[in-house]
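Notes follow once the structure below has been shown.
To keep things simple, chains are lettered A, B, C and D as they appear, and every chain counts its residues starting from 1.
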Amino acid sequence: MTRISLDQAQTIVSGALKEARALGLKPISVAVLDAGGHMIAFAREDGSSNLRPQIATAKASGALALGVSSRTIGEMAIERPTFINAAAGLNPAGIVPAAGGVLVRAEGGVIGAVGVTGDTSDNDELAALAGIKAAGLSV
Amino acid sequence: MTRISLDQAQTIVSGALKEARALGLKPISVAVLDAGGHMIAFAREDGSSNLRPQIATAKASGALALGVSSRTIGEMAIERPTFINAAAGLNPAGIVPAAGGVLVRAEGGVIGAVGVTGDTSDNDELAALAGIKAAGLSV
Amino acid sequence: MTRISLDQAQTIVSGALKEARALGLKPISVAVLDAGGHMIAFAREDGSSNLRPQIATAKASGALALGVSSRTIGEMAIERPTFINAAAGLNPAGIVPAAGGVLVRAEGGVIGAVGVTGDTSDNDELAALAGIKAAGLSV
Amino acid sequence: MTRISLDQAQTIVSGALKEARALGLKPISVAVLDAGGHMIAFAREDGSSNLRPQIATAKASGALALGVSSRTIGEMAIERPTFINAAAGLNPAGIVPAAGGVLVRAEGGVIGAVGVTGDTSDNDELAALAGIKAAGLSV
């Protein structure tokens, strides 16, 4: 497996949305990117605000840019704010240092990332993880 | 009706992809934006290249930016290239002056736009129109 | 094979440089990118000018962005200049519509791209092709 | 001596990578720039994440931009964050205020810089220094 297929990406999106509704989260947005940071699938629920496409994308893109989850980037941003701020400026899609951006792995390698935004960062991450699980992929 | 719902946007995407497969087009990407130019749904078929998310988005965003289809923008770009080039620089998502970006209307008003890219511009537009029709919306 | 390894990328670079010296080309620069458009290896010969890193990268990145060689992009730019100009503005690394940017394939899929600049576009492409051949990869 | 030759730059890269493997560091990326901030050579190890080319380049470019190592820029960023932030916005390649970007000197003058990223900043700097030493150059 070398790429998240569109079928898999759409399963991740629908799995994340299903989890968000089961948990009663606020309206969310979900982006699925390939390993190079290029979008494969995206959905924004009714009521999810204007910048959510960019935030969801930046959570996932930032995880791919630095090779760790956006939750870890959030921890790095507390210890080394100027480094993360500088890195964000170098990434065309930006970096959002808050949970909800999760790397997707297969056969030991990173094959993409999922970014979710709309509720708390912890809840966003739950939805992302549920989507990845629904597609039978690993984190 | 003032906004394309996520359900409608996903129907537009699946309708455009179905048409692309029926016509035997090259792998395409489809973006659906609301009236404010903010993405609601997106899909990139397997084999559709890296920049297609931005091109699909720019076709739709440009149509909303200037209030006409990206086909018309393509005609304007031949007559007034410096104007379209300048306008493209002002729109954060850019403008792509080629067919495939179509305004979606309901109750007489623009409620969003669809952008398709991957095959010829004419074929991209056919897929966009099929998607809008599948959702029971007007152009 | 899902990624050009650093070893392979360095073999592409040395193969391209060896061909450039065998053909007596002007000083060249060679960039090897992964499928997502991210640099793996780069070399700029003594006497190759300041912007060559960006030009080599843009030739390869543009090929990945649109899914065709930069030679084909050059042909597209003659027929549809406004489309290629608009696409170049959307790609963070830009697009250079001239030969020398070549897609690298394995197992039927694109796994990266090579960009060469410094001599004529035709000669740049010869060096890129020689580098890919030296690494035992396909175009 | 006024310029790092490609041979020297490639020796710096291979020396830095050798040190990284000897120390058991995480996968790193190494950029060597000339005195004008223009890339001469670059390598990204397998597993080094997407943004590493830009981060390695920005560490080295920032050092050349301000005339001090990126370690010193990191100290400046704590004392004068708004100045470093503003300067970063002025430098096309950006500035990363963390160790790993080292100026290279010969005959008393700055002839270029090396940037390393992938492990801790302190370890990145060790790899950069080892590369410069391998090429018989001074810091």
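In the analysis below, contacts are C-beta pairs under 8 Å (C-beta built on N, C-alpha and C of every residue); 3 or more make two chains touch, one makes a residue touch a chain.
A quick map from chain label to UniProt name: A, B, C, D = GlcG protein.
It should be emphasised that the depicted structure is a prediction, and the values quoted were computed from it without experimental measurement.
Chain pair with the larger contact count among A-C and A-D is A-D, by C-beta pairs in contact. Our note on geometry: subunit A (GlcG protein) versus subunit B (GlcG protein), Cα centroid distance of 24 Å, whole angstroms.
Centre-to-centre, using mean CA coordinates, subunit A (GlcG protein) is 30 Å away from subunit D (GlcG protein). The set of subunit D (GlcG protein) residues touching two or more other chains comprises 50-51. By the definition given earlier, chain contacts exist for A-B, A-C, A-D, B-C, C-D.
Residues of subunit B (GlcG protein) that touch subunit C (GlcG protein) in their complex: 47-51, 54-55, 58, 74, 77-78, 81, 84-85, 88-89, 94-98, 121.
Of all the residues in subunit C (GlcG protein), the ones that touch subunit A (GlcG protein) in their complex are 2-3, 34-38, 92, 109.
Note for the complex: subunit A (GlcG protein) touches subunit B (GlcG protein) at residues 3, 5-6, 9-10, 36, 38-46, 50-53.
Those residues of subunit A (GlcG protein) that touch subunit D (GlcG protein) in the complex are listed here as 36-37, 64-67, 80, 82-83, 85-87, 89-91.
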